[in-house]
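One chain, chain A, links the two complexes that follow: it is found with chain B in the first and with chain C in the second.
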Partner chain A sequence: MTIGARIPRVEDERFLRGEGRYVADIAMPFMVEAYVLRSPYPHAHIRSIDASEALALDGVEAVITASDLPDDLPPIPCRIPTHGDLGPYLQYPLARDRVRYVGEPIALIIAKSRAVCEDAAELVEIDFDPLPPVVDPEAAIKPDAALVHEAGNLAGRWGFDLGAVDDALKNATYVVSEKFSIQRHTAMPLETRGLIASYDVGRNLLDIHGPTKVVHTNRNVLAAMLGMGEAEIRMVEPDVGGSFGARGEFYPEDYLIPFAAIRLRKPVRWIEDRIEHFAAINHSRESAFEVTACADAEGMITAFDVRLVTDMGAFIRTHGDVVPSHAAASFPGPYRVRNYRIDAMTVMTNKTPTGTYRAPGMFEANFARERALDRLAAKIGIDPAELRRRNLIPADMMPWHVGTESVKRPTIFDSGNFPHVFERALEAYGWDAPIEREADGWLRGRGICALVEPSGLGPFEGVRIEVDQHGYATIFSGSSNQGQGHETVLAQIASSILGLPVEKIRVRHGDTGIITFGGGTYASRTAVLGGNAVHSAAVGIRDKALKTASAKFDIPLEELSLREGEIWHGGKNEPVISLGGIARMLMPGNPEFLKPPSDMNMPDNDGLVVTSYIRGVPGGTSAFAVHMADVLVDPRTGDTRVENYFVACDIGRQLNPLIVEGQLIGGVAQGIGGTFLEELTYSEDGQLTTGTFADYMMPNVYNMPPVGTLVLEETKAPGNVLGVKGVGEIGPSGVPAAIGNAIADALKATSGLNILPLTPERVLAAASTVERP
Partner chain B sequence: MTHHQVELTVNGSKVSMQVEPRQSLADALRSQLGLTGTHLGCEHGVCGACTIIVDGEPVRGCLMLGVQAEGAEVLTVEGVSPSEGLSPIQEALREHHGLQCGFCTPGMVMALHHLFTITPSPSEDEINEAISGQLCRCTGYQGIVSAAKAVAQKQRENRSHDTTVNGKENSCRSA
Partner chain C sequence: MKPAPFEYHAPRTVEAALDLLESEGPDARVIAGGQSLVPMLALRLARPEALIDLNRIPELSGIRKEGSTIHIGAMTRQAHALASSLVFEQLPLLHYGLEHVGHPPTRARGTIGGSLSHADPAAETPAVMLAYQARMVLRSKQGERVIPAEEFTFGTFETALEEGEILTEIRVDARPEEGTSLVELSRRRGDFAMASAAARMSLAEDGTCASAHLIIGAVAPVPLRFDAVTDALKGRTITESLVREAVELMDLDQFEFDNVDISLAYRRKIGPVLAERALLQAFNRAEGLRK
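Up next, the complex of A and B:
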């Protein structure tokens, strides 16, 4: 089984049989359970906390508040470079004397069961002195606004000013100015978070099950916060029920649960419930764009002028300002536009802190840009696809330097033939096919969105491959997996080099105990960086095995090759030895391969083992994608029905088409949620009002249109041997733009549909701006 | 808190559990019997991850109390999995990539198991209806629906085959 084979996943069997092992499925002897007591107020001083009654309750082991934590405990750091110093906005694991959002941890209660913890929580007396909450980011940056932090509500203001935007605006033939807003929503993996920490006091070893995504980074952060050596902490990822960016970052609980385990000297388990998850996990996406786009008489886009306000919530978390940063860096999208200006503001409010969610910043920027472009096309009087066609970056201008940067890395589109892929996409979907405009009073429209999805970001990834004497290979990967199928695709890559069936290749990941360094999983990076690390290590294994066989059997290296797990002698056309046999020979101390006896101890073989770390290219690699949709709209009610959805993309090379398709379709589903359904709303007094699955609507089977895909392997990524580009974030990234454009097309609306989610009320409002016979 | 002794049949075996009055059946199955295949995604009856079959009907294990299960016949994902390998429904989900993180999967398997128990070769509408209360955050449902359609198709083929060859209906229980 090789790279590119459409094979079902090796990890599926355990999940289908109910044998997946998620964090809540793990228990330990003498384990106690933890519960986080959270703020019911969006903004308040804490005058006092009295836990005496709670502590007296039978079964309660401890109530930990900020005063129990070390005085010199630092806040949770950002793990990514930011625009300016965001230090004053970082979060401490427990609120000290003031709470800033509903859900902020105030105390950790530990008892023999979660139920007893909850009983005890009722008994903790907290005296709050409420402060005025700041809920709306635009109001937050007014001079008289109440302060979320003393450092000011405007945490950052930065931007880019490329080319000559004012001149372009002055000379433009067509100009549109539009405001867009993207609602607060988030990843919402089906499994909530959880941790189980146990501490071996005698040896000062801390074991934590439940972290994911970036376990090595999290381990290092925790080591610094606890004052422990990094190797004294082991973080182990269990099976994980989805992350999509949010889960697996270092949260307050990631400090508190280990801290409690050390203090109590008992294993401590915390399993988040769904209600807490709503208030505690990073929220995302809440942002407002003002976009001015202009074009010359030929319909060439001459400038983008943008203002971006992003609601960061109450604290800056591990992601810093990466979401607006990516949005700002990539706003111009796949177009040849040299005049670009953006004024970006990051604003603190009394709401849950924010972080990334699949296609961070891109989902938002694509919506604003691509909706604005449809307005521009209408003004020029050309087909929306034609406007895009005229302006796509041509292949001979690759690599394209946007001129911006994000997280201190330049934004570079490394490769691609955008115009060619664009035409293939239009053709495959039938963009020009006639469309029946009306059916039973419903109106039909078609919409498009073109985008570039950066992937493979981050400094490095690493793996170690070990082959044992029975011919089993194990890949120890520094990345982590929350459902993407890494156990299969990484095995496929190794299989293609080693010739072993994927069943003989185990993949282990997400464990700081198995490999020294690991990058983790974000920014669609595992196929790109992890995949190339596997490739490189597998090549190393192959070369080492061939060299060993050549020396042992005295056959010239050129005459040996590795096939189906065995080394073949080309001249004789017969297998010489199995890979397992070589692994046995290379075991240290193996007499078969001992050099002549010596009076000195000497270096020995180190097994059929190869470690390989791959350093990422600064700009990562970028995939081009086109989303298209046909939508039916009822202008009387504002109801919409997506009839057909289509995503075309060029990802350089597919590792497993089944998994690629799954990533695209699943991603579209999340995009549909963000387009129509999902919203974390706050009341004026700062309470989260969509805090259960009953009011936060995620797509079910009825919300899904048929999704078609066209996956091309046109332009290999030049920066990696496999030529792969990430696919994970293409799915959601263009959905609201393509659908918003389709609805506008159906209604022939020239205003509205700029605010997400596109609820029936908003669609109806747009419909009512158009006179109908 | 007082505990209650509850006697019931789980996956064909008679068992007894000690449950608190407020403990959900899903929680009890997980913590008392170690049947951790039944997942909890919301504990408020919306996501369907906890779907199990009680006395022949699919129920949300998070909404039913352990004490209500006295005398009940309970079927969980562990009970519908063959001793080795995969059932036809499970196999189809794998073939059609109907799962990614796997967290919703046991609930999906149970919902589909029930569907195929009552409707040997369901239509697409019936499939959609059967999983409409099951949330999946990863897949977008397309692979799940195709998997179920493939099983239904196979059942139809088997049945017409059986009708002509044996002249009797094929049992759908094996699904």
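Up next, the complex of A and C:
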């Protein structure tokens, strides 16, 4: 059984040997390079653009501005349902007469090299008329604020009001009210974005290398924007050095580069540089929570009352308002709380537009809720774990309907034995084991976070499996791979059904030319949806092969099975024919099956090929997880060191434990970045002040503690045959809460540590609120 | 992130470099390890007309001892100096300072002289040289001059280097008998410090403090010397409480840097803590040397 086997990723060899093929590794004859000229102003009218000097520079091919684009060009659409109409806030590929954030594309410069493009960019004369920038979301929703869009800075205000929150607050024995803020930061894939588009004018075919994540959706969006047939465009995903939700959405460049290739009739390549990336990629996470949580005398949480303000940036992008939507829908977390109210506001500002980043909304909500719960536990006078223990949703109440919805789908925790997993987690970490409170003048603390991570969202996923006459199977997948290991995991699933070694199974993905429909890769969905599509298609292949062999050799079907690439006759214990042999028999050219005239055609003469599409369960499937950390704090400087980190989760079933652990550990690293270091800051006048890796700090090896994991397979997901739950976003989701709680525990701090990132200065401020001998 | 066009020269001797510096005029810049200048070029924050590359001038590299003076060629790689047993034995503070400079790949390219000439206020090398009262050898077509470290670094990215002049060598008196320490706090290891403290200490026969130096970096345009603190230690038996009292003599008004993410108030809180820790570690190391 290869499902569940701890096998190294088949992708690793090419990556480790430097043989990966990324978009910047692809070149074409007559190719030219593109550069996006971006706004230096956060908010300004564009009075005029004069590109004549730039065009005169040797090597410059074109300077494309908004006036060169079709008059009826629609804005980039949102690809998922939103709360209310966000149409007025959508972005056009190029700014027309007004720019709204530093980095907004104004013109596309095309030249023989990137260096010439950048020289030319300095020669484009743009007459700006600066407008007052709107930087702070709280200020943006005041009545006298300057307007980012005529439709108003408050793009949406919505929420939920479940149960009787006011009554609960009135009757509560313990109440805490806290404000939390999560800083703007985002995905920093090692490889930046990039596209190369080439256009075959005679046949009206457009090929684009570089898209990822949701290539079919993007292809369809582009076809609509260019007025082309969907099959006239092919998007192909190369090797991709990370996405984490940000790379692969449809950005202005995803229209501009193909448009330029059509216009110039030359292949056009654009490779985003890191400076661009900082200003252009979807930002994420910037939000402020006000949380009131209350409990009765027994320590049962009776209500959450929340106000959430999310900074959306200057435009609504393809994700709409899904980040605050997820945060609002899942805020109550793994607790049995029926009185829940949230007032959510989405606010436009003159900053880079926002989108999803690994564990969107959950990272934020978990931080606010779990820090508030530690305060509540302190007020009640019980151990933080005890408060959680008393309030977890019991197993017999599953599936648990939170009563909320996100992207027009109900929020349902489909399954899980949270209390059992919680106790296993505490035991494995040794939560109750005593700790040395002091070491060399540093103080030690321990923190916890419990959470539910949704996964497997989105409507469908599909694969086609083809077996060739040499016995190789190829899985053509509608999902994309940016480093998750799909080439290995999907092969493992097929291997288990087909009895083929993983080495004889190829996985191709991220290419609109290989499968008609694809959902894509987001919301930790590939194992859940793509994996089950592979399972279903592989079962189809197996049945087709065995039936064909049964008919051909006149052996009862029940005596046949697949083993090591052969069909075995169980009774005689010998191979009958190879899988490749069956595939050869089923090829349309086989006269035994396919004889003229056409009415002699046999059914199933289309090769050993099966296509399978799987529909998702509306609420997806939810995994319960517990994060715990031990942190050392220097009370004199606010310096911190995470000594130990631990994640326990129940994901139903592991397809490959090595990849599961890798996802958890890598996710924790990303969470540590968001907890201590990473921040996209803006000056008061709207300039992005973290524009390089000198200012935007990623975690490195020195920041990483040992990360222990406990991966349980206790409760299978009921909505899919494999029983799997997504694991991709559990890693980062609880880190700031667990670490924040650990630091507070170390310092015995009763205030502070509510603002991310937890800089030494903020930690020291929390330390200085505590009286010490 | 592509530099604006520039002329490129790679002279093989200091003489040739100085000739080029003169002929190319004020819009030329010398490039050493490139760890600061190359990013600035890529960002077009620096746009010299010409670059004069010092990497192919062998006479600018190397560390040697002449008498009791250590001569460090300006183009000596930070990695080389960090690995040098001569530095570790004779100028231990430089060794400890270099441990905090960037990462192995940046130290493999970055040079001692490049860091000094760049004069980033948070860089460790200028603080170390100030602590050692090093002498800087500056050469131009007009000849050579030698100036003390405290006159070399002026302010943020500002040095005494004049047009047509190159830092060619750093001369430091060997100090094998001292305990030293460089303690700093940065958001992430290898990054520029929020504050750093460099300390030297030598002990008298009776174990009391014979001499000490304390430099605080990253809090003002130039590294700051706090003689009031070290004067209070001289002739005294070093204890934790004595050092803690002494660092209270630091004139925190000299701290200047105040940023959104690292406030002046915070730097004033951690500066004395780091000073205390550096002085105590220097003392402990000095004790270790006494056997």
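We take it that the second predicted complex is superposed on the first by the 760 of 773 C-alpha atoms of A that agree within 3 Å, B and C clash if a C-alpha of one lies under 4 Å from a C-alpha of the other, contacts with A are read in each partner's own complex, and residues count from 1 in each chain.
Just so it is clear, a contact is a pair of C-beta atoms (placed from the backbone, for glycine too) under 8 Å apart; a residue touches a chain by one contact, two chains touch by 3 or more.
As the structure is a prediction and not an experimental result, all values here were calculated from the model.
By the touch criterion stated above, A:636 is placed in contact with chain C alone, chain B being left untouched.
Of the two partner chains placed by superposition, A:125 touches none, neither chain B nor chain C.
Legend: residue contacts after superposition of the two complexes on their common chain; A:427 is shown touching neither chain B nor chain C. Touch criterion met: A:665 reaches chain B, while chain C stays clear of it. After overlaying the two complexes on the shared chain, residue contacts for A:681 are found with chain C alone; chain B is out of touch.
Look at A:18: by the touch rule set out above, it reaches chain B but stays clear of chain C. Within the superposed three-chain model, A:761 lies in touch with chain C and out of touch with chain B [touch as defined at top]. For chain A, the partner with contacts to more residues, out of chain B and chain C, is B.
Annotation: chain A residues 115, 273-275, 692, 694, 699-700, 702 touch chain B in one complex and chain C in the other. In the complex of the two chains, the chain B residues touching chain A come out as 1, 20, 22-23, 30, 35-44, 46-47, 49, 76-78, 81, 85-86, 90, 93-95, 97, 99-106, 109, 128, 131-145.
Every residue of chain C that touches chain A in the complex is listed here, in rising order: 1-5, 39, 43-44, 185, 187-191, 194, 260-263, 266, 269-270, 273-274. Within the complex formed with chain B, the chain A residues making contact are 8-9, 11-22, 24-25, 115, 188-192, 239-242, 244, 273-275, 482-485, 658-659, 661-662, 665-670, 692-694, 698-702, 704, 706-707. Contact residues on chain A toward chain C in their complex (touch as defined above): 114-115, 118-119, 122, 273-275, 636-639, 676-677, 679, 681, 689, 692, 694, 697, 699-700, 702-703, 759-761, 764.
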